[in-house]
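Please find one structure pasted underneath; my questions will follow.
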Amino acid sequence: MFAHNKRLQYTVRVRECNPALANLMLEQFGGPQGELAAACRYFTQALAEDDPGRKDMLLDIATEELSHLEVIGTIVAMLNKGAKGQLAEATDSEAELFRSLQGAGNDSHVTQVLYGGGPALTNSGGQLWNAGYIDSIGEPTADLRSNIAAEARAKIVYERLIAVTDDPGVKEALGFLMTREIAHQRSFEKALYSISPNFPPGKLPGKPEFASVYYNMSQGEGDMRGPWNDNKIFLYESDRERQCA
Amino acid sequence: MFAHNKRLQYTVRVRECNPALANLMLEQFGGPQGELAAACRYFTQALAEDDPGRKDMLLDIATEELSHLEVIGTIVAMLNKGAKGQLAEATDSEAELFRSLQGAGNDSHVTQVLYGGGPALTNSGGQLWNAGYIDSIGEPTADLRSNIAAEARAKIVYERLIAVTDDPGVKEALGFLMTREIAHQRSFEKALYSISPNFPPGKLPGKPEFASVYYNMSQGEGDMRGPWNDNKIFLYESDRERQCA
Amino acid sequence: MFAHNKRLQYTVRVRECNPALANLMLEQFGGPQGELAAACRYFTQALAEDDPGRKDMLLDIATEELSHLEVIGTIVAMLNKGAKGQLAEATDSEAELFRSLQGAGNDSHVTQVLYGGGPALTNSGGQLWNAGYIDSIGEPTADLRSNIAAEARAKIVYERLIAVTDDPGVKEALGFLMTREIAHQRSFEKALYSISPNFPPGKLPGKPEFASVYYNMSQGEGDMRGPWNDNKIFLYESDRERQCA
Amino acid sequence: MFAHNKRLQYTVRVRECNPALANLMLEQFGGPQGELAAACRYFTQALAEDDPGRKDMLLDIATEELSHLEVIGTIVAMLNKGAKGQLAEATDSEAELFRSLQGAGNDSHVTQVLYGGGPALTNSGGQLWNAGYIDSIGEPTADLRSNIAAEARAKIVYERLIAVTDDPGVKEALGFLMTREIAHQRSFEKALYSISPNFPPGKLPGKPEFASVYYNMSQGEGDMRGPWNDNKIFLYESDRERQCA
Amino acid sequence: MFAHNKRLQYTVRVRECNPALANLMLEQFGGPQGELAAACRYFTQALAEDDPGRKDMLLDIATEELSHLEVIGTIVAMLNKGAKGQLAEATDSEAELFRSLQGAGNDSHVTQVLYGGGPALTNSGGQLWNAGYIDSIGEPTADLRSNIAAEARAKIVYERLIAVTDDPGVKEALGFLMTREIAHQRSFEKALYSISPNFPPGKLPGKPEFASVYYNMSQGEGDMRGPWNDNKIFLYESDRERQCA
Amino acid sequence: MFAHNKRLQYTVRVRECNPALANLMLEQFGGPQGELAAACRYFTQALAEDDPGRKDMLLDIATEELSHLEVIGTIVAMLNKGAKGQLAEATDSEAELFRSLQGAGNDSHVTQVLYGGGPALTNSGGQLWNAGYIDSIGEPTADLRSNIAAEARAKIVYERLIAVTDDPGVKEALGFLMTREIAHQRSFEKALYSISPNFPPGKLPGKPEFASVYYNMSQGEGDMRGPWNDNKIFLYESDRERQCA
């Protein structure tokens, strides 16, 4: 059962109304690497998880992600505040409003006209959030890897958002959110490594004759060898006939 | 900021493993009238709401919907428990497993094979949840009406789910969830009526010459008069020429 | 059975080619609160409706919404007319065309390049229309509430579109369309109130012990009381333990 | 502007309640080759069409497709009638209702529980209709070809639906609907051939050196020659080096 | 089985970094008329095709479309190259980066922030690719017509993209890709005409009494006659009563 | 540039026509963990990758995934073969066809009626494939982790499919495909570990004060400690006040 406390997990200050920046922030509200996706990911896994330790961890982190969703959504709402008023109060002339919608860049016109300036469950390009973003399949050695990857992606998107704003309050809040994804990634890694064996994931062993072959399917100038196809581990197969198993 | 308490808002007991029933229950987990949609609806509205009373109400109810999501998801997980084991442990023969997936009816095969028996963010037919289900537009006299309607729809879907199960524990939990939607509907109605005027919604008045016309656009045997087009309020226009304004 | 008459329900005049404005208008063509959604909503309800009065009303209004779809789509096509020619005839230099696509703002580049300037079944941000926008569930006391809310939302979006254009012909046509949604909302309200009882919707009564509780789930500075949670109707429950039913 | 007449374009008789058949019929209501898709396809093209003859044709056929949508939706509603009553009235025991939902096959459980037996804008598998099904691009020599193909596909799906029912009333109505798609295909072909030249579509000629080459990209046992790659028209290129242009 | 050769099917040169142009190019990477759609269309048809000649043709062309996907995706990546670096290296000030994202127009902000400058499986407006774009139904006389139409549409979109760029390298590569669609269209037409009879598609004949009627459903100023409804082939029915079959 | 060889990467034998099994197999054709998703994932990453070694690896594996797509699609087509004939030839009575569609279980009715028995780009529940399944973001330390996770998930889904069939030919082919995902996972792990440092992913360091905190957000009976939140690495914070950063 959830409880809500009026305080934000991280206090947000915003320098000035900026609908275009608000729109970019939607990426982490209703985008594929955003906080709703994170919360849904861990919460659905938690409900089906039988292991008490992992279940607790998933609920701890899912609850924190909901709190992040509140932080990022609050940033969006604050950055849109003035714009919201403008449209609702019709204090400007039509031409000015039109210019401000167009000039705001990106898809902030969608946010203003359709959602009235509120945070929408879309990415920054207006694409509706959908549950295809959630890749939980109910097997911990796979799901934990999915979670590690999801945290890594979220960290990168925060990093990119930080790079495009110079509003110090927004920058700080994004820095907090970004850092938490690092901490989550670390927890999921520890949880994965505490399952042994965890490779290959699941129950069935692979067929030995195919498990260590690297098929060189793309050939020509640019063929390279590296740790991912070296002879110590892999049988490197370039023969087109023998690539047919 | 959210906190999570290990107790469910409503304690759930389930008579026996029943993946087909689990699948029907997904309607209120990841379906359009389900608890994720409810929570997202109120939470996104709350973040953009300036009125402190409505903001508090929206957060109160959003938080409860998250707690409902946990209840219904727990029901799904419990009803799938045995089935989950079967597939993972491969205790049955392939033919038996295949029959059980097929015989379970509905789309429970998706739940089992793709999601490993965990609650999926899909409706009972496997349709992925998407944010097009959320119709918040950032204007309270519209959004409150949307919320009233959403609670009414959720109440009906719970009623239908209650009608198809005779598992007493599931029936009881569904009864609790259904009743809470009634209470929410009542709160949203009170909140709407406390805004005055609330009709027409928004700022602009309608054009008087069109605001009380009822265009009888579908004509023939079956044309009816009723409170929705009677002469006290409406000008009833059947003339095809004059229907062109 | 439908018949089509070459005259528009409301005659449209457009001052000048304006692809960016055309693009904003798509919100009510292929957006969630737009005319296709309205027509589909009432038409699907009508087909399953057994009550002859409501069936007639739903068909009357569905048919009008199709006529609105034609009006708004015609506005989009007229606002795009010149732009359409430009691209097809290649009368401008590439650089000029590119600038005009970019400068037009919003997603008008999608409309031009992908749809050739025709009205597309997307919202103003390019999101494809999908039937998740339609929330009909086949129970009149719920569906009428959904319709009331849908009309309220459409009214608001028209209001916002009116606020951003100073083309008098477009403004007038939008004013007509907006006003008709007010009239529809009124009809649906009358139809709902003519069903008695209509609350709670459906057949099953709620469980009395939960039907009038207001769970104060979000607590802290900002907790408020109001008609939606006052003591005359609701038992206001702030105790975290007793919030577990 | 649209008008609606209470009579169906084709009178429908249905032998008995059959929710599983109703569900299959959804394919042509809310499926990709269905009547909503057809109506939307021609209507959006009509609005942007400058040629008066084609515009009239597109409106004529769009209006007929809306009338087909009514016919197929009415079939769905009639086939679901009893089932709708059962669930709403709760006349059966829960166990019987559950069995009937499960036994009805397909996704009729979705139609019953979520949509209350009304025709839903989904295909027979519960996939929500989306505007990605509409491929209009605003150039007649392409769009007419798209329409010819769409009619051909719709004809085939009707044929398959006819093959799986022995209800004579449903069979007859499907036969009417199927035949009309044949007539539409013929009209669109005539309209295409009346544009000259219509190949290649659009304005720009192709680059002569690539316009008549057939690249034999898939090689091995099964390589075939035929009218689509014969030497009279095509330069047949099997040399992997020369396939790089 | 596929093999990949490091050379592109058509060598691409790009004048300068241009994220806004890159974004427009996405239309043919992850858009409805783009190369992924083309490849998926022909490949899925090929797998189910029993006729050896058509199967070979479908595989030949599917394989070429994959090679086109590589060409257009490479163009996107090259046009984004500098922009990618900017964001990742954070060499610019935040304000400059923000301006460049905003000024780049269109949805290039999505491509940069969410996808890091790589080619995304979206159209130029950020709409995610979905398999609803693929209309294969497993009957050659319908599917070949669908393919003819798809090639025509792709040709037109390339033409429009050519019209908006003056980068000679991009223009040339687009010209190659456009021309290949012309060649494909020709092959599919030849393949269709080699099936006899191919009209009506499928097995069932139409009902003679409805197969040659043209229902004049849209009436008024603008009614036109033409090859698509002339008396030699069609019975032209304007009588509203007789339009009810 | 791609080339296609008529031989399958793994020769498939199928015991008998089985549309219900065919339908389950769609999970790995057009499902989220399926081969199209795998191919698209690696191919889009490859196009934007600057590092020559990783680019080669991504192209090698993308090409193999396309070859897997062919194998699984061929299985679907073979399992549907007889069923396809039945419907097209109408050799059975309608009633028998109807029963066989219904009895086949799952969503095979969609495959038969809509797609004519061909492999569809849907999952086993009929959900259309969409590009939201692809999570590439253009940063190798994130994308490689995403790929590792994707391979782990695909491995598990194959394992589950193997568990439900006793057709030895299908089982063997699935075993091959499953094993290859193990090999791919290994390659991606080697590629990730060859980047140093790879944690945290990206450029920006985290804020030290938040990078090693574990917020115990879900409290109550069931709180657990483990490697993911132990004191050696993490500061375990249960105080609700101090959880507000």
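Side notes on the structure shown:
Think of it as A, B, C, D, E and F in the order they're written, each chain with its own count starting at 1.
Following the convention adopted for this analysis, a residue touches a chain if its C-beta (ideal position, glycine included) is under 8 Å from a C-beta of that chain, and two chains touch if they have at least 3 such contacts.
Nothing here was measured: the structure is a model prediction, and the numbers come from that model.
Separation of chain B from chain E in touch steps, taking the shortest path, is 2. Sharing over half of its contact pairs with D-F by residue number, the repeated interface among C-E, A-B or B-C is C-E. Looking at B-F alongside E-F, one finds more C-beta pairs in contact between the chains of E-F. The distance from the centre of chain A to the centre of chain F, each centre being the mean of the chain's C-alpha atoms, comes to 19 Å.
One finds 30 Å separating the Cα centroids of chain B and chain D.
Residue positions 1-9, 32-33, 59-60, 62-63, 67, 90, 107, 114, 116, 122, 125-128, 130, 132, 137, 139, 156-157, 203, 217-218, 222-223, 240, 243-244 of chain E are each in touch with at least two other chains. All chain pairs in contact, by the document's touch criterion: A-B, A-C, A-E, A-F, B-C, B-D, B-F, C-D, C-E, D-E, D-F, E-F. Contact residues of chain A toward chain C in the complex are 1-7, 87, 90, 93-95, 97-98, 101-103, 107, 109-110, 112-114, 116, 122, 125-128. Within the complex formed with chain A, the chain F residues making contact are 5, 7-11, 32-33, 52-53, 55-57, 59-64, 67, 130, 132-133, 135, 137, 139, 141-142, 145-146, 148-150, 152-153, 155-157, 159, 162, 175-176, 178-180, 182-183, 185-188, 190-191, 193-194, 199-204, 206-207, 210-218, 222-230, 233-234, 240, 243-245.
Those residues of chain D that touch chain C in the complex are listed here as 1-9, 30, 36, 40, 43-45, 47-48, 59-60, 62-63, 66-67, 69-70, 73-74, 76-77, 80, 84, 88-90, 114-122, 128-132, 134, 136-139, 203. Residues 20-21, 24, 27, 31-33, 105-107, 123-127, 156-157, 160-161, 163-166, 217-223, 240, 243-244 of chain F are the ones touching chain B in the complex.
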